[in-house]
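You will see subunit A twice below: alongside subunit B first, and alongside subunit C after that.
Moving on to the complex of A and B:
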């Protein structure tokens, strides 16, 4: 942004090699006091660190801080104004995602194991850190003493574990994580984090006895933890009993299908009459699936030749002609999709296996599109006066995911157009990319959020969030195109020539030879781009959408109980963003190391 | 000589709808028609909608009086829309330049810290980078803003160092050095000094090359400039005669007819196009003088010709542009003439300490100190810290990209630590660092637009206030995009120029 844009794109640099393990005294001498200059640096930077830590602790533990504001408003931050009585759907979504994550972790054997002495070492340093913090934080004498004792006890336990535990025995990090989360959830039942919640009119309403956490919070979270742990164990059981590859493939497909299904689950009107779906949508899908499948299966036959191209062109003409006649939108869009598939059929022509795969691809894309159109057409009861019905982190994630998904094919097309040898394509792509990269995201978002209604024909309507997602996707596609172009340029001339020598057409060369190699090289910058897109969703706050930043800055700090709690709220929001972005960048670095991208 | 004939025969046999060239151009023209058609459709829709809602899209509002109050800038109560937007642009540029300057310094420090031998410093550097680049800039800005707003209120005689540095919820105020009447004459002296420094540097370099003695040419050059600057403080009035000269130039520009800049623009456009086309042709000529051009090359040539003709057309048809060029040139020289027309006692610089005045109920900062409003401070700290994390990573990557053999070889030759860094590692690292850092500068410029969230009156903030008042959304958005595009273009031209220079140095 900003990464993308703004900070889009995080440069990734190979980590320095691991240092050899030295005895502490020698390590300190070599790393901290090797020369006079180094000693001065050490002293200065330890003073700086001391000041930072002290300032941070003084800020956090200042009695004036209203951390209750975030604890109380967690629901607002997560989903904003999603109706209370429909909340079960959200919990089901969370449970599905947790189950999938836990099962995938079990099946892929993710996570490492730490030998017990290692756990002890970590406990030791954690305890020492805790004790130091207790000394630095502006506590009263009594709390300082308590925390100091806790720190020392933890450190002593860690030291004992480090000394006496068996090196052979180990503890998996997932188990450690589950224990930590379990502890956290357990505190929900004892520690009063916040005692009330806010409903739609933003009037405070006490949901629980003072000094406890509401049952509607602690019960679901406890259930979620149980679900996740259970899913992990089911995953380990299944892993050992079923063949690996089909299992992994099933999980992958489920992951791919989940977003539309969950979205549908969250948006759907529970009293919606499904008759329409059965009488119209499914027949249309079936007709296109059968007839289109047959057509494509004929078109991908290598012997079809000239006639196939003429038929494909006719399908395209028919698709456009449908826009001039009264017709259901879904019929027209499906026709255009079919035309696209038909026109690119010669590229994928081949033996029976290739043909079957192409037809299956058609069925998948058609199904996905029908599903999305039906889901969008489904009326939603989740209707909130004055704005979009979800907000907070859900809105952030939704906008980010949609933007990435939409801008990916767009960026790919732009990159190909910019590197093609067709001057008008190249010119249009170059102008678009350079124009978009030259202006700030916020101007584009403002333009799309207020100006889009002006450009629409009468009778057509586009919600503000949808308009913003379109603008954001156009913006992000320009940056994505540049990342892909970098990958395209790294494909050597010889690859092109070899593909041509084998007799591939230009599109076959692009699809089967160039793009796979280019995208592989482009993975690290693309992940950086995704992080940038995620971070820059915070700009939605400027145009007045209820994202986390907006809620933290304007909604929460204007609640009568928590007047002037902006600083705390924003610190919390930064923490949320930081956790997501940091995890993504770490994951990308791991991926890079595993595929050895840096070295080639 | 058989190849072309075969080709010809083949191309005769290929039917029209299978001919690659025909297909290629057919698709391109279809795409162009579709794109233009869509844009035309949208534009006509917008026109209808605007007419239906009675919204005009002209740029009249630029001339008309507006009622806008800006938080800071060259003109806090602008009388026209144009003046308001201009103030916003100046504020954007001010923030960008300050931000780029400090972010570069901080970024280099962070990058070097991450490569330090000292474990603590290294940790501190990576903490800085990992924290700042993973939190959205806007969130950081809003956080700084909310911290600054809760600072103690300004009162008479407050601040960490009373009379020198004040920190309060009205901003940060510190002593200011500003340019006074004699500055421009002093600048002339310094420019002469810079020319002299060039010769001095070359001379010292020559001695070093011939004798091998350490003559530190760069230090000598800098010393020359400093010497001229110092002497200039006392002798600058000798350049007062330049005022009348500039006045004469202004008069000359005033008397020129409008046709002169029109001719100038046309000549430049045609000249550039003709030179480019000639160079392009000679580059595509083989050693025997045979010219081979693909359809793509033809397209480029036609495009260059058409573009230059379009410039000529615009210059001729739009006399306002030429008149404006003349007027602004005249104004510029008139201003210069006024600046040089001062008495001998004027000083180039003046300095003032911050003051606090009580006007009405509450005390506030006066005009004499250098005051950072909290909006400015929030944006400034935001962009500087955020960009420094990215620049730091670029610097680190650039230095790591220099092969270890280079510094080992330098050490073997007997260079010292500082010399290795200055003569061997940094010049090579700079070439790797520059392109991504140029991108970061662009990002910083664009990121200043986030200031709209904290009320610093830069272009986007002023623009949104303007369209909220006048309803002129489309023209304001057009002005935004034009401004940012031209700024981005300027930065990338400068960075590219450096890039090319660095590459030449290599060979």
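Moving on to the complex of A and C:
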């Protein structure tokens, strides 16, 4: 199937092959009015859909609706109280994320080609939809006419393209995406959305002026688009000149490192105490780097044999014992990290080159972690009133990303432990999973935000967001573990036996044979889980964190100027949720296609 | 051969897990914590590392008064609602404004000399007292009603009441209600209110006493309550009088006329600053900040004329201005503490007018007028 379509120059269009050959009238007759029952069903359901759309449009364009509440509070919805003079930091984060996205798109060759008639079909349906909306919306005669004309023009253009364009010529979906985004950004400069500002020192505090949006909105977004497009072209250049696999590995590592770096370095801007760094942090790092490096270099030597595993286990025990004695947290955590590396060292043993690589990996991870811990413990220079320095969509996304990133390895480990032959691991994992799955998420969140701070020993202080992310990650990992376990069970016995027959160790078998197959099968439930995690961050509202839904529901409707604007705010926020969740869903579909899930 | 060593490893691991569980205060979550530690060390660091803050900060909390802690820290951690109309609103630029927020600023101006040295924390009703007990906030300005149980068993102390509120009802004139209506007139009415608050209980009790049969409808947010009220889904809404007035001013449609009754509220809701119990030094600082705004208001002193007035003031005003500074320095505040409060934030009347007038609440004739004008706002003398 895939070979056939790529031979036609249309690699991944999932449309059924007979569809393009049917003219619209015939298609409608065959699909919508084929029998009496189908005809009735079509008419009734279209009436229902029309009524819903009409109701929605009547709501949106009702002159009584306070859309200026949303327009004025956009910044509050995005980042809550992040100070305006530091806003460059937020834009830098957006730019970094867009750059990485665009480069990854280039390196992984995302997107596909759509033949021009296909583009025409989409334009046609879009234009017809627009015209229909114009008729349904409660506009004045003039606005209805203008939008009707626009819709018909678009539809006519689409129809012309569909009929007369060459089937062989095609357009990349990425170009279409860039055009659509470019159009959106262009409207910021042209369309008079109005400029809504809030200034505490001014009367009136809330001011809506006609004209295009403020410069502080349109200029950054335009730059973002330029950055993304430029990054894509840089990505294509790099892709064609550098070897593929190291490039992809570098990008993946960058993606993984990005959330903590953006949060703790860019957004939080730690002010390092250099004296402390030179007298404490760097010596600890150096000691672990030298001694740990030596230990790992010995452990990865093939001649070390099984004595290495015993030493590694002892390191782990020492790591745990450190938690019972007063000690700097960084020393304890580094020890645990070393234990993890020591335990997996025999799996990576080999010649001098492999050993050097493993030691270098240790140095990299250790350096990264030391820097992170130091940065987290350093006070921020960004001065924000309130419990946490960021809120709104940023908080929603941050909690979702950190929870997903943390719970993924945790869930993987739990799934492996639950299916392993070792009774202690199996029991612990089973107990944990069944316990967490038996408790509602909101209970866990309330427990971690209200109870845990009371239980902590004096001298320990856990930020509310950190507590919530820990609790949420534990919750999410239990569910994730069950998804992965489903995948693990789909790997047939023969795969295990074949791996054992070629002399693989248990860990090699798991890492190289079982897990890749299991994860591929588990993609749909895993992505579904990620979407769930993203949406359920809205429960943060109940424990009083200013996530985007809390701001829309409680904060904005309690501003003197915007009392009673809840409905508008919630509609806007649901649009935001939909955009993100839908993109994740599309990404999952593309991933399934790439890995050939359901085809082989 | 391999599996034997894995078993050995498992034994070591279980020893390690037991050791770790014993070391970590023996709380119930040992299986969860060890699972996190053994499997993903990297993950554990990003989150638990935030737990490691300096111990010095906490030691200060345990010794001495909160007043010294606040002075050392240089900011006042103030717990507010963040979503209460006119009392503490989070604005579009993230700043916090309102009556409660201004009293946070007043306390900061008194203790630290800078009204902007406040760190606001938005708290839900359920977490507000925990936040004080764990030391996350120093003082609550979160329209918290002073009640016996909160004062005693919850472990809070209450400052002077800054706003006398009380639950009232709102209905449509078209339905035959007037300002003279009473709870007894509610017979057969559908009453809307927020769920999970004491308003629900108060109206049920009042209706029972008056012998009126009512149907209660509960909603999660205030906006839903008034949406339903406007659409005719209920005959009556009830909540604190201050909120009803605001809604009437802002949301009454052109084709309806709303009326608030009874004139004497069905409940008493004295709102004021709240802090942890048994810390007199800090309590005095908060209480006398409030009293200073009240006394200055009695003398008609505002942020606009405080500079001129204090230059040649006498007796009580002079003492509050810091002329005979030992009254303030004796309680651990700078001599000009209350001068700064009035200059930077304002007197009681100013704070009231700035925040509550825009939502239609007027001081004259209400319980919150000064005692000389027949209200309840009263302060002990400063001498």
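By definition in this document, the second predicted complex is superposed on the first by the 442 of 600 C-alpha atoms of A that agree within 3 Å, B and C clash if a C-alpha of one lies under 4 Å from a C-alpha of the other, contacts with A are read in each partner's own complex, and residues count from 1 in each chain.
In this text, a contact is a pair of C-beta atoms (placed from the backbone, for glycine too) under 8 Å apart; a residue touches a chain by one contact, two chains touch by 3 or more.
The model shown is predicted, which means the values in this text are computed figures rather than measured ones.
Using the contact criterion defined above for the overlaid structures, shared-chain residue A:73 touches subunit C, although it does not reach subunit B. Legend: residue contacts after superposition of the two complexes on their common chain; A:438 is shown touching subunit B, with no touch to subunit C. When the two structures are aligned on the shared chain, A:130 is found in touch with neither subunit B nor subunit C. In the superposition on chain A, contact is made by A:567 with both subunit B and subunit C. When the shared chain is aligned, subunit B comes close enough to touch A:577, but subunit C does not.
Look at A:455: by the touch rule set out above, it reaches both subunit B and subunit C. Shared-chain residue A:320: touches subunit C; no touch with subunit B.
By the document's definition of touching, of the two partners only subunit B reaches A:31; subunit C does not. More residues of subunit A are in touch with C than with the other of subunit B and subunit C.
Using the contact criterion defined above for the overlaid structures, shared-chain residue A:536 touches subunit B, although it does not reach subunit C. Annotation: subunit A residues 421-422, 424-425, 428, 435, 446, 450, 453-458, 542, 553, 564, 566-567 touch subunit B in one complex and subunit C in the other. Subunit A meets subunit B in the complex at residues 1-3, 5-11, 13, 31-32, 34, 38, 41-42, 45-46, 48-49, 421-425, 427-428, 435, 437-443, 446-447, 450-451, 453-458, 531, 535-536, 538-539, 541-542, 549, 553, 564, 566-567, 570-571, 573-574, 577-578, 581-582, 585.
Here subunit B touches subunit A in the complex through residues 24, 27-29, 31-32, 35, 42, 45-46, 49-50, 116-121, 124, 130-131, 133-140, 142-143, 146-147, 150, 295-296, 299-300, 303, 386, 390, 393-394, 396-397, 400, 436, 439, 442-443, 446-447, 449-450, 452-453, 460, 464, 473-474, 477, 480-481, 484-485, 488-489, going by the rule given at the top. Residues of subunit C that touch subunit A in their complex: 2-3, 5-10, 12-17, 19-20, 22-25, 27, 31-32, 34-53, 55, 57-58, 62, 82-86, 89-97, 118-124, 126-127, 130, 133-134, 136, 221-224, 226-227, 246-247, 250-251, 358-359. Of all the residues in subunit A, the ones that touch subunit C in their complex are 72-73, 75-76, 79-84, 198-200, 205-206, 260, 306, 309-310, 313-314, 316-317, 319-321, 323-324, 328-330, 333, 336-337, 339-340, 343, 365, 369, 372-373, 376-377, 384-387, 402, 405-406, 409-410, 413-414, 417, 421-422, 424-425, 428-429, 431-432, 435-436, 446, 449-450, 453-463, 466, 469-470, 473-474, 505-506, 542-544, 546, 551, 553-555, 557-560, 563-567.
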